[in-house]
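When the chains are written out, they are named A, B, C, D and E in that same order, and each has its own residue count from 1.
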Amino acid sequence: MIERHLSNKRSARAEALRRAFYRFRQSRLSLIGAAMVATVVFFTLFGAVLAPFPEHVDGGVDTSNRFSAPSLAHPFGTNELGQDVLSLVMAGTPVSVSAGFAVVFIGSVLGVIVGALAGFNGGWIDDVLMRFSDLMLTLPSLILAMAVAAALGPGFGNMIIAIALAWWPGYARLVRGEVLQAREEVYVAAARAIGASPFRVLFRHILPNIVSPVIVKMSLDMGFAILTVAALGFIGIGVRPPTPEWGTQLSIARSYMPDFWWTAVFPGLAMFMAVFGFNLLGDGLRDVLDPRARR
Amino acid sequence: MLEIENVSRTFPARRGLFGSTGGVRALNQVNLSVSKGESLGLVGESGSGKTTLTRQILRLDTPTSGRILFEGQDMAKLGPAALRALRARVQIVFQDPYASLNPRMSVHDIVTEPMLIHRGKLGLDRRQRTDRAAELLELVGLGPQHLYRHPHEFSGGQRQRICIARALAPGPSLLLLDEPTSALDVSVQAQVLNLLIDLQERLGLTYFFISHDLGVIRYICDRVAIIFQGEIKEEGRTQQIFDAPKSEYARSLLAAMPEVRVPD
Amino acid sequence: MASLLEIRDLHLSMHSFEGAAKVLSGVTLSVEKGQIWGLVGETGCGKSLTGLSVSRLVRTPPAEYTRGKILLNGTDVLTLDEPRMRALRGRRIGMIFQDPTTNLNPSFRISTQLIDVALAAARHDSKILGLPATAGRWARRQAARRLAIDMLTEVGIPDAATRVDDYPHQFSGGMRQRVLIAMALVGQPDLLIADEPTTALDVSVQAQILDLLKQMVTVHDMGVVLITHNLGVVAQTCTHVAVMYAGAIVEKGPIRAVLTDPAHPYTKALMQAIPRRDVARGALQGLPGAVPNLVQPPAGCRFAPRCILAQPSCSKVPAEHERAAGHLVACPVVQAAHHA
Amino acid sequence: MLRFIFRRILLILPVLFGLTVIMFVIARVLPGDPVGLAAGPNATREEIEALAREFGLDQPILGQYWTYVSGLAQGDFGTSIFTRRPVADDLAAYLPATLELVFSALLIAIVVGIPAGLMAAIWRNRWPDYLSNILSVAAISMPRFFLGLLLQLCFAMWLMWLPLGGRFPIILEPPPGVTGFYTIDALLAGDMESFQTACRYLAMPAIAMSLSPLATILRMMRAATIEVMQQDYVTTARALGLSPRLIVFKYVLRNAISSSLTLIGLYFGWLLGGTVLVETVFDWPGVGLYATSAIVAQDFMPVVSVALVIGALFISVNIVIDLLYGVINPKVRYQ
Amino acid sequence: MPPIDLSTLTRRSFLALSGAGLAATSFPQELFAQSGRNILIIASGQDIPNFDPHTATGYSASFFMRNTYDPLVRVSGNPPEPVPALAQSWDVSANGRSYTFALNPAAVFHDGTPVTAADVIYSYQRALRLAKGNSWMIRGIVDPDQITAIDDHTVRFDLASPFAAFLQVIAWIFVVSKTTAEANEGGDDSATYLQANVAGSGPFTVRRAEPGALYHLDRAATAWQANGGNLDGVIWQIIRETSTQRLALQRGEVHIALNLTSEDMNSLESAPGVMRVIETEYRTFSIKMNTEFGPMADINMRKAIAYAMNYQGMLEAAGYAELMIGPLPSGILGHNPALAIYRTDLDKAREHLAMTATPEGGITLQMVHVNGNEQQRRWSLILLDSLQALNIQLEITPMNWPDMVAACQSPETFPDLFPVYQTANYGDPDNIAFAAYHSSRNGGWQNAVYNNPAADALIEAGRTEIDPARRVEIYGELQTLLVADCPDIFGVLEKRLLGMRDVVQGFSFTPVASNAVDAWPLSL
């Protein structure tokens, strides 16, 4: 009997997956987004390895070959130190993507904890936590991130901390709202009526049902996190050299426009394409996971 | 079995952004008692306090004054452990079968959850719980083939059966039925009502049945209480109230009841 | 003279990713002035779509009318273009929907909404405002406002002259449904389609609204199609009833005839499922099985799979037969029994 | 209504208080040596200590905070250690520039975004909708600074149609200051030439900033319109013979705009906080640049003050939005 | 790719513009014509946050002071020589300790009052009292109590010891109006007043100040100086991006661009209407090493790194520059062009590395550089690249300047490698030698840690010696000593790169603070 149950279980899962995939496939744009994200993920994993001039990624220079225009040897040209721009752009992918992901991950974990605590407990805990996150939302996040990043000094980890610090309140608000809403759901009342502990109600009944909007927000936020990482790099408060990072590359290359436009345009395009991909994918995911918000 | 003594519930005034609303007296000195094995119907229109009363009985909310005794115990005085034990004895079926099942959980998880929570009392292991869930599904007219489906794969009537199976899982003696059929079509309603009658006979359950549909109440309940604006207007044997209502409100309510009878 | 409304063999398909669902298949109904037709059936049987089809409010696509006609005063509305259709809506056909809280625009005063409907109707028939067609804009507005107040008074809104400038949320549910009735009647329609107008209301308010509807039919000399799932409401209000199952009318006729002598097995099952006064505890009869999948409906009688009387002859599309004057039943088995 | 406004304004105070605390804490976390920098490379230790005394930086942190807050209460934003100018003066010089930029960007976003969103909703699932969808996702994905650079590359460097950056030709006197917005001041002075000039300088930065809010407003407007069009009252209006034009432009528009309004309020804050990048690209003399240079110099008074002023502006604009919301949505007004 | 031909582009776009009717107020040339005034526009990346001549620092402030205030003497020419300013002539006593200046009787402040000896004494005393800004140049040399007014227009300085570069440094001590300053004393020695107001006698006054954007100077009505150009005013416009400065120069929106890179200079080579000034200046760039703490305290490690550095790459990345030969800038008094110095030699580098505690490398060194300084970033990367040959990792941290200054306070916080530009404020070897290698400067950014009593002695001897020949000997010894000690990687002498419209006339290059443009002699 158990075996039969299990096969039912599997086929039900597969069916749900098929349905989700069908809905996702409905939108050609989200497929394009998924393909772009797949490319980005590919370069995240292998970008540094596949770079035609890996030594340039590690900070190697070739000062006799500065500012050569795009050619077969250097499809994206070379920069002010003779480094291959294509290699730097490729190797910049893991930096931006992992930084973006770390920001979104830390921000969402913090935000979910705060939002769930606030929404589920209500009362003064809610008041204190939400007033605080409202305050954080009122602060200009980029300036906050800049101030914190400048305070902590340059570096990958510091940059992520600085951005994530300004990132969580959005999740806290979202999660709190969703928790408040879910708390009023009949199935939550039902769970309480069968004697489920608050812990169980929160983790078994409320949180699983608000995962979708959080995942949707995460996928949409990935793009914005990548943008913010690049923005800090652009302002000059980012990673340490020689870490190849798109925003930093763009900020340096800015001085060489318009003559050596390739040094600026390609990192900028890479940034745009990555963010574009994540945003398209996020849109598609929203359609699949959060049909309420379906447009 | 269940005694409701002078229960009142007042919602305090709320200060909103644009001003404040006055306090609302949702329940006013409600007295009711349900004996073992009977079905008490509670009739009222929207906003009359029916749902507030169920929340008091389930201890999802606390009365402002008065007390509720279950099998002689004052529910307000129960500690957390005792309250949990009590939750196994008093179960509820909600109005909207579409909203009262967690969409993320399979039927198996939904039906076994009460057994998991009350495993100390029920003493069922994992396998036994699954088997018991299958039994319960058969009891309510579904089958083990439904165990690993999710709620969205079921029709309204089937969902309400799942809700009933869940309510039965911890072995309750009192079932609160909060308009369990008002979201269903008549043909399905009839099936669910018959299932409820059948279960009552087989399991010796006590029903506290809430509805705005007088026909349904008349069909299923031994006694009826009519609630209006938080107050019990009339209470008595079903037959007696439908034949000779005493209060003005009950009379007007019965008069407005859309009965299927051949027009003159 | 043509009937006020005559629906002939209406077929409607709804396209979705699962395929084309045949949601209406051969609906035939005719409504005269002064009649209140109750259209009953369970969820998904196509009653609302039938009502919306009369006003051509079903989006095409995804919907598609594959066969049939809807004649309003002799004109087939399915052949009309959108502007000409618009001339009928509000003016010839009034509509009321289920939920009075969502059917009024919360952002506008009652007066604005009523006046706009009156002005729209008056564009096609200036007599509605009691003004010559050449009347100025301001005069028309004033007249429309007066008309709005009159209509509100007529549907029983006390102090209509002042309440007309209130917003919807300042009214109770019953009052809002009265406002919606006033709005539907402002263009003096010949036909009123009321789609579950009382489902969201309490029993006592429901009775008042139904009384009002009955009253309006006599005052305004209209035909009404009252869509509901509640046979009690039909019994209380209607002169005629049509019972729908899975996109087709299975039985229809004068209310008395159908209620005293329900012939179709589905009508019978429906009536046996209602906990009436004389039903003993435990004696209700539920209807086993489920509504068929309309993408691939059973050939012939769609009720056959659930029917206790089902016979091989049910595999053909059942034809209607007249059981008594105006009492039509679409069931070959019953027909055979009747004639036998 | 008045009571509501009053209460909302009173509510700003604790928020501002909270903001000062947060910013002060962050400012004090900053390592480094602002005083050492301000004192110059050749300063002796005694001079640095004297300077620290001068700015009260030798006091305990609570004392510093108290000094700052009591100054704020009198409209004194403190003094920049680096420029030694009162921060209030600096803000008065930079804030109008930033606000002019933000309002222009928002204006573009609203004027283009709302009709475009409406159109996309009306032509839902047809090519104008698809086009606007892909363009708006692209616009949201475009880094503002990269867009700014591309605009600069195209219109200032190659085509030379527009100035590279700045706010006004430096050899001309800007129009007499009334509002601090050059465009409005020029109009007030009746100086069309200055107005044109100011617009030319404003064009690229404002467009670079407006793109993302434009796209978001467009999408929001589209979604809201579609949602409103599916409301029961729209069906009723159609069923009673109202013309589509009346339904869309009267009944739908107002309801759809009211749901987009909140977004516009949020975007105002986002734009204000995000001017840094565009100001950097276009050398726009606003608070973003000011804050950046202060952050680099670890001159925390200006940073705290900029954050505070932006926060306060953000709250104020959202109060105004709430009031507008009440005007549009009577339900809110009467509750 | 060939650089874009801007002349044709301009023409084409002009055609497009006139067609579109957009040309109005498009280009500044027209605006200049409109205003009918000769206003020189200088593009610079640096703001002028402080007007006070006795506390302000930075080249932007120097520009401001030079044009709104007067010193006793100015320096001019190449090599720079003292020329009369407020002082129309001066006498030096034989022992080199007493200087007597005769003030120009024509000199007046902007309010019309004449410049007197009392103003000079007040100004020097105030500069030393405040002890900020440029006062370090005369600290310990000028005793505030040993300045005497012989009469209203004669003033005498009695120095504590002879100082060879005295006339060179006093070009940077400006004279404020004593009456105006005292009238606005304000309890802080006029600091608040003078920070935002001018009380000088210079050829220009402030017309408009928009912090962070521009400073507009007008020719003073009282301008008394001789040999002036035709300028009615000068605008110091702040343009942070170098490429923007260059484009503005090409478009004729500015007359002088101060912060151009070598790449900018290359693309300006054939730009019509643009002159390029590429001149050697006493500006050294070197990378300081932490001689007191950490692995760099080992002289062999320092030498290993000095040998490993890719000097050719450094030069290529620098553009218009030459490699330094030893610690002093080439061409300055006493510089030894034949000095034996470090050049890239990996064998020697490994040899020295083998003598350290970590003969196989495998260590990570810390290097900081100024955040946003492009040249320093490039050189850091080149060093990183060079050190890979020694199996040494370099961790580069871009830091904000205040953090870097803070890090200089002790050897423990000072990074292993620290790049420093030193610009000569006066054309004398003492400037670089004292500022960069004297132990009294420890804790400051110019010489955070290096201290060697032998070097100190030589530096002190050099600055108090008047005889040039003897000084050449002393500085020769100092150079040998410093190369042997290897406290720095001696980097490059960057050329001064200025871009200028060809309408600017009367410009002559002086290799000290040439970016603090002296506008008075210029014409348009």
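Keep this in mind: a contact is a pair of C-beta atoms (placed from the backbone, for glycine too) under 8 Å apart; a residue touches a chain by one contact, two chains touch by 3 or more.
Here's who's who by UniProt: A = Cytochrome c550; B, C = ABC transporter ATP-binding protein; D = Peptide ABC transporter permease; E = ABC transporter substrate-binding protein.
Just so you know, these numbers come straight off a predicted model, no measurement behind them.
Chemist: Can you give me the shortest step count from chain C to chain E, moving only between touching chains?
Modeler: Between chain C and chain E, the shortest chain-hopping route counts 2.
Chemist: Where the centre means the average of the CA atoms, what chain is farthest from chain E?
Modeler: Farthest by centroid: C.
Chemist: Please tell me the distance, in whole Å, between the geometric centres of chain B and chain E computed from their C-alpha atoms.
Modeler: The mean C-alpha positions of chain B and chain E differ by 87 Å.
Chemist: Using mean C-alpha positions as chain centres, tell me how far chain A is from chain E in Å, no decimals.
Modeler: The computed centroid separation for chain A versus chain E comes out at 45 Å.
Chemist: What's the distance between the Cα centroids of chain A and chain C, rounded to whole Å?
Modeler: Between these chains, centre-to-centre, one finds 52 Å.
Chemist: Using the touch rule from the top of the page, what residues of chain B touch 2 or more other chains?
Modeler: Answer for chain B, listing residues that touch two or more other chains: there are none.
Chemist: Please list all residues of chain D that touch 2 or more other chains.
Modeler: Residue numbers touching two or more other chains: 31, 157-158, 280, 296, 298.
Chemist: Among all residues of chain E, which ones touch two or more of the remaining chains?
Modeler: 4, 241, 247, 371-372, 400, 403
Chemist: Which residues of chain C touch chain B in the complex?
Modeler: Counting only chain C, the residues touching chain B are 42-43, 202-204, 206-207, 210, 229-236, 255-256, 259-260, 269-277, 279, 281-282, 284-288, 290.
Chemist: What residues on chain E touch chain D, complex-wise?
Modeler: Listed in rising order, the residues are 4, 9-10, 13, 16-17, 22, 24-26, 28, 31-32, 35, 39, 41, 47, 49-50, 55, 57, 131-133, 136, 195-196, 208, 210-214, 216, 235, 237-241, 244, 247-248, 251, 253, 371-372, 400-403, 405-406, 409, 443-446.
Chemist: So in the complex, the part of chain A that touches chain D is made up of which residues?
Modeler: Where chain A meets chain D, its residues are 29, 131-132, 134-144, 146-148, 150-151, 153, 223, 227, 230-231, 234-237, 247, 250, 254, 257-258, 261, 264-265, 268, 271-272, 275-276, 278-280, 283, 295.
Chemist: Touching chain A in the complex: which residues of chain E?
Modeler: 1, 3-4, 241-243, 247, 261, 263, 267, 310, 312-313, 316-317, 371-372, 374, 377-378, 380-382, 384-385, 388, 394-400, 403
Chemist: Quick one: which bits of chain D touch chain C in the complex? Just the residue numbers, please.
Modeler: That would be residues 231-233, 235-243, 246, 250-251, 254-255, 258, 328-331, 334 of chain D.
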